[in-house]
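Contents: one structure, followed by commentary.
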Amino acid sequence: MSGCPYFEKRHLLFKNKPPTAEEEEDASQAGVNKASKGGIIYGEYLQLDKIVSAQVLQSELKGNKIHDEHLFIVTHQAYELWFKQILWELDSVRHIFITGCVRDERNMLKVNNRIHRIVMIFKLLVDQFSVLETMTALDFFDFREYLAPASGFQSLQFRILENKIGVPDNLRVPYNRRHYRDNFKGHESEILLATEQEPTLLKLVEEWLERTPGLEVDGFNFWERFEINIFDGLNKEKEKIEAMEDSEDKEEMMLELIKQKELFTSLFDEKRHDHLLSKGERRLSYKALQGALMIYFYREEPRFQVPFQLLTSLMDIDTLMTKWRYNHVCMVHRMIGSKAGTGGSSGYHYLRSTVSDRYKVFVDLFNLATFLVPRHWVPKLNPNIHKFLYMAECCDSSYCSSEDSD
Amino acid sequence: MSGCPYFEKRHLLFKNKPPTAEEEEDASQAGVNKASKGGIIYGEYLQLDKIVSAQVLQSELKGNKIHDEHLFIVTHQAYELWFKQILWELDSVRHIFITGCVRDERNMLKVNNRIHRIVMIFKLLVDQFSVLETMTALDFFDFREYLAPASGFQSLQFRILENKIGVPDNLRVPYNRRHYRDNFKGHESEILLATEQEPTLLKLVEEWLERTPGLEVDGFNFWERFEINIFDGLNKEKEKIEAMEDSEDKEEMMLELIKQKELFTSLFDEKRHDHLLSKGERRLSYKALQGALMIYFYREEPRFQVPFQLLTSLMDIDTLMTKWRYNHVCMVHRMIGSKAGTGGSSGYHYLRSTVSDRYKVFVDLFNLATFLVPRHWVPKLNPNIHKFLYMAECCDSSYCSSEDSD
Amino acid sequence: MSGCPYFEKRHLLFKNKPPTAEEEEDASQAGVNKASKGGIIYGEYLQLDKIVSAQVLQSELKGNKIHDEHLFIVTHQAYELWFKQILWELDSVRHIFITGCVRDERNMLKVNNRIHRIVMIFKLLVDQFSVLETMTALDFFDFREYLAPASGFQSLQFRILENKIGVPDNLRVPYNRRHYRDNFKGHESEILLATEQEPTLLKLVEEWLERTPGLEVDGFNFWERFEINIFDGLNKEKEKIEAMEDSEDKEEMMLELIKQKELFTSLFDEKRHDHLLSKGERRLSYKALQGALMIYFYREEPRFQVPFQLLTSLMDIDTLMTKWRYNHVCMVHRMIGSKAGTGGSSGYHYLRSTVSDRYKVFVDLFNLATFLVPRHWVPKLNPNIHKFLYMAECCDSSYCSSEDSD
Amino acid sequence: MSGCPYFEKRHLLFKNKPPTAEEEEDASQAGVNKASKGGIIYGEYLQLDKIVSAQVLQSELKGNKIHDEHLFIVTHQAYELWFKQILWELDSVRHIFITGCVRDERNMLKVNNRIHRIVMIFKLLVDQFSVLETMTALDFFDFREYLAPASGFQSLQFRILENKIGVPDNLRVPYNRRHYRDNFKGHESEILLATEQEPTLLKLVEEWLERTPGLEVDGFNFWERFEINIFDGLNKEKEKIEAMEDSEDKEEMMLELIKQKELFTSLFDEKRHDHLLSKGERRLSYKALQGALMIYFYREEPRFQVPFQLLTSLMDIDTLMTKWRYNHVCMVHRMIGSKAGTGGSSGYHYLRSTVSDRYKVFVDLFNLATFLVPRHWVPKLNPNIHKFLYMAECCDSSYCSSEDSD
């Protein structure tokens, strides 16, 4: 940006890495080189020759230059730039999980910040529609024909992004009656297939949640205690209601109680969970769900504060992706109307169908809100005994603490 | 964007330009080509190979890859992409003014929309800081040294933008005690000099304002009538005050009246105007100022509705550029502190000094608020006589109505 | 806001209304009163005693004060404040239409600005969710029980707003299996019924569109010319395709052509239009649709520039209301999960169902994008003959130009 | 908001507080009451009768109703509503600090979330200007006179907010040449004086920073180690430079080194710190500054992750308040111009002068960026020895964990 002096002379002095023996030797010479008047300047650093020369208007090539096509190109390029940044953050976070470095809890700040950065980028991307919306349907119509058969559906980075977060192949809405991958060329299709086979953010978070301290059956045993408390609580409620005089209210409350009992019975039914899992209605393993609920209830305990923030940010990503999809739908409605000329499924309706909970990867985290209970039903912790919530783990390997861990 | 079917088959049928005779002949063949399965696809169209391969981390080249440098690069590239779009819009608007096509009032919608689009882009750019702000001073410190001597000051596009809007050379704050152009390499410095010599948006708007219908001395003669009304009004106020019983209030009001008289006397003093102009405290010619004030007061008249919107949007640009500068200052404060290591003027203080009314190109439009008067002091229009406000001009030249006019 | 000197002494001098004879008489005295040290101060002016004392926490009343309930109350009060402002603008615009003052085209700026202000308020309201989203599901759970049976569904102002814009009674999704009005108390229900019977913004815009200059059969006769041009154009396309050599492409193009012909045949079929109207799939009369399309195609003509902006802003309102609904759904998903405890339709699903094109009042304006054609198919205007696009109408009645017209 | 079912029947069953013996007794009866069809409804809950009846137009009272005054009132009321919410959060955070509950690190999440909520509210308030900016200077002029002598300067809540965060009395810019408090009436002036005497957020954060674990001289002794490392590092740099061949670069680097040495010498000079403190150029005690720097460098250690976030959010508040002030300045410039009619300091210039680092309460946190050093100069921690960064403190008093602690 203009006028920001990234560099100030003092930096000539500092090197961020401790010098090796060899470097120490070379000191004087290195000094000379670093301070040489050369060095990189702004435009080269950012490769602006590439960036600002990449706007070629198809309408101009076809001899009918349409002013607004430039906006169309720049907007999409800005989206793709940011998609690249999101992938950069996402890959670094996945790497921390995959290498096991997440076990060193010092890395939680990094994980959390990078996920939060993805959130902030998506917020920007949602707002960014306001710029493209300055183009009217009539302006768009003037150059639309020249774009055939290009389609935003073909954004490789966006599909990779969905795959790496964890949108499952089998829950995707078909596009033009074809599997989503079949809309890509051979090479790109292979890349997509490969990303489907990598561990998704969903999967990695699941594994991490399964290790939530406090779930151990021979330890705090949260899950069993929680089950006992809930059904004790419900039974006490039942007794209270039964003691009431007969009335419409009493009846209503009793009906409600029965439903609550069913709800919680279902929560502790592992088979039912696995059934919902197989249908895609749940996405996290039974154990991971327990971990998430535990983090919810004990979020104020020192070791759970940052994990709780992380779960919140994951929901933010889902929410913002879905808002992005919805803003996209709204823009398309305005640009091309809701009815395609004819029989074929219109772009509008395809997009509309992707604004769905099927595309919410962390939908289980939202739905846990169904299983909240009063604070006094949550199993009590005693800080004198349950030290695990106060003592973070670290593993002092240079591997995980070094920047290479991204 | 994902899933937006830019193209639908019907467009095979439509051609946005009426066919030439030759084209008619080639019809069948053209048809074949157009529908050929080839055509451009998304990634090629947007030249994504260039866009998403342009992120080379200096820290990585120097053997110390720092994760956050990627964000730094992408953010700046996104800024430059949008600067290019702003220049695209700005040049098209300036072209409409330079060619005289603005006299065909059908072009006012185009002018207005494109200026408004610049406003919307600047809004986005102000918001975009929220993403870079996810990087802390400590993260930045880790790779800052590798950027030397690159500096955001070197953004050529931003300086061109300032020049084309109309930031005057002589009001610029020096950077590193040097003229702003001397911070650029020879080739770039020449480009900057050239843009200084082109007609600025300010200049073009000034000329257009000078032609505001209603200013003609042998016609409606707004300016003279306005002057008469004001001093009549002030005199009547004076009489009222004099008729009051003596009191502190009376004295205060009389003092205030005298000041008002001075203020308006100054408004009608062309020499004083030219003096302020020479000091950079005013920027528009005396005549243009009259036109602007006329548009303000008669903004509801049909021919002035869109011109009034235009003046508002020009203030929006000024305001948003200054907010952009201020947000930039805030970010730099956080990144490198307010004190440079040493004697030299710090980046923070340089930037701080550019958040100034000196950089507001259309400052006169803001300051007109000082000269508002009650509605009944404004010279009355009679639609039966003053037809000029109801009849727009057009010039039916294909030159101006064609898309080439951008 | 802090430090803004609304008032400066000079205003003691000015009165915005020309004085009546009586007032002239009273001049000295009035002067005294106005300048009296009394006058209103900030807190009284804004009635802050009411505003900042209206936060009573139910949880506190029930002896279990929950911190976050305060945020919940303030956020909803802020929404209601802005709803009131929207109604204020909406009523003033409707008044201009109802009184016929819209025929004086000087009032178009006012109409346009006020509709645009509604747009800006809705943008703020969409963003405002980000504040309430700092409350987690668990924080909400802590005081949710105390709110029964209050429900956001009961926002009277929001329902009035929907009615006055033109959400039709019969397209509303039932809530709790009941007509929406039956969820309100008697008095409120009557207010709602009354607002249903007032002319809606949709209806008023429809009437205005029906009067679009250029539609007259004995004048420019846009509609007939347009129909002729389209079918001429399509026939020429047909001939071109028939001249092609046989191929898969040729077949495809011919199929496409047939569909296009059907599409446009339907556009000119008034009976079909009325059928769609009766089903709620179209909302504007046949004549109004013609006016809208005319404004679309001739948007650059002086008299149509501001009307075109108005149509765009009406779509903005629809889009933003629907985004507001969608953001609301997202928040509710996070707060209470997607599954209600029991059989009854959950709040989440009710809200989800209102994010629908049924609730888009100006849906026809979006769908006109389906009927765009190449510029050279649009009937040509000749400014020498078709003066009507250059001469605005006014009606110099003091009634319409005075502020009372709001 | 519309359609959000705050309440679902299941809540009839749950009570968030464990029942007392007495309550148990009353169970049946309580049941009846709770489920009674009565209960509070939306409009009553939000006291909408007060909220939406508090818009009284002065212009209307004076017989000259001006449409836009309603927007002016509603916008300011919305600001005041949100100021109240900010004060609510601020007081709760200050309470946690004042009572010492902050020592129980479980409360850090609460502190952090509430400070973050203030950040989100300020973001909204910055955006909120976009609505008021739909009013032009001319619209404002029409009713400005009726507001005298009300002024936004008189916003009591905003001044209280500044005081409670820690804007010091003696650094305030005088308004109308008077002490800020003298612009308020007696009663309000007393409230302001009282808030000046309460512990500010700045003071409370300072005390908390002074207790940062690791600062103890007989423990990790960060400060002494840090000083040693820095001067060791600088000396090594010096040797390297001296070993270089004579050149311009060498000279430059040596000069730079000397400046760096001065800079860091000043950092470790307590007297100089106290001198800057007395002038208002620094705001935190010497010890607190050490704590802040320690949190900066060891931000990834488990116990410092949330404290680091907190420091970042405190800078966010400063930044956003200053952006709010700047946006306010921009709006005032547009509304009333930069020049008051006459000699007196104009509102514009007063506001301009408050956009200053003097009003940044946590300015020291920004300026710490000046004292960053390469990672290998930071004293090394050994997790096997320095356990304190992994073991959070709690104090299991019901006092601090209960909701009463807000």
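Should a chain be cited, it is by its letter among A, B, C and D, assigned in written order, with residues numbered from 1 in that chain.
Assume contacts are C-beta pairs under 8 Å (C-beta built on N, C-alpha and C of every residue); 3 or more make two chains touch, one makes a residue touch a chain.
Chains and their UniProt names: A, B, C, D = Tryptophan 2,3-dioxygenase.
Owing to the predicted nature of the structure, the values given are computational and were not obtained by experimental measurement.
Student: Give the chains in contact with both chain A and chain D, ordered by label.
Tutor: Both-contact set = B, C.
Student: Taking each chain's centre as the mean of its CA atoms, which one is most distant from chain A?
Tutor: Following the centroid criterion, the farthest chain would be B.
Student: Consider the two chain pairs C-D and A-C; indicate the one with the greater count of contacting C-beta pairs.
Tutor: If we tally the contacting C-beta pairs, C-D comes out ahead.
Student: Return the distance between the CA-based centres of chain B and chain C, expressed in whole Å.
Tutor: 29
Student: Could you tell me the distance, in whole angstrom, between the mean C-alpha positions of chain C and chain D?
Tutor: Measuring from centre to centre gives 37 Å for this pair.
Student: Please tell me the distance, in whole Å, between the geometric centres of chain A and chain C computed from their C-alpha atoms.
Tutor: Their C-alpha centroids are separated by 34 Å.
Student: Mark out which residues of chain D touch at least two other chains, giving numbers and ranges.
Tutor: Counting only residues that touch two or more other chains, chain D contributes 9-10, 12, 14-17, 141-142, 256, 259-260, 299, 335-336, 341, 375.
Student: Provide the residue numbers of chain C that touch chain D in the complex, in ascending order.
Tutor: Its residues touching chain D are 1-12, 14-17, 34, 39-48, 50-56, 58, 63-67, 70-71, 73-74, 76-82, 84-85, 88, 92, 113, 116-117, 120-121, 123-124, 127-128, 130-131, 134, 141-145, 147-159, 175, 185, 328, 332, 335-336, 340-342, 344, 346-347, 350-351, 354, 403-404, 406.
Student: Under the definition above, what is the set of chain D residues touching chain B in their complex?
Tutor: Residue list for chain D touching chain B: 136-138, 141-142, 256, 259-260, 263, 296-297, 299, 312, 315, 319, 322-323, 326-327, 330, 333-339, 341-343, 355, 357, 363, 366-372, 375.
Student: Over in the complex, which chain B residues touch chain C? Could you list them?
Tutor: Residue list for chain B touching chain C: 9-10, 12-18, 27-28, 31-32, 35-36, 105-110, 112, 237, 240-241, 243-245, 247, 249-250, 252-253, 256-257, 259-260, 299-303, 305-306, 308, 373-376, 382-384, 390-394, 396.
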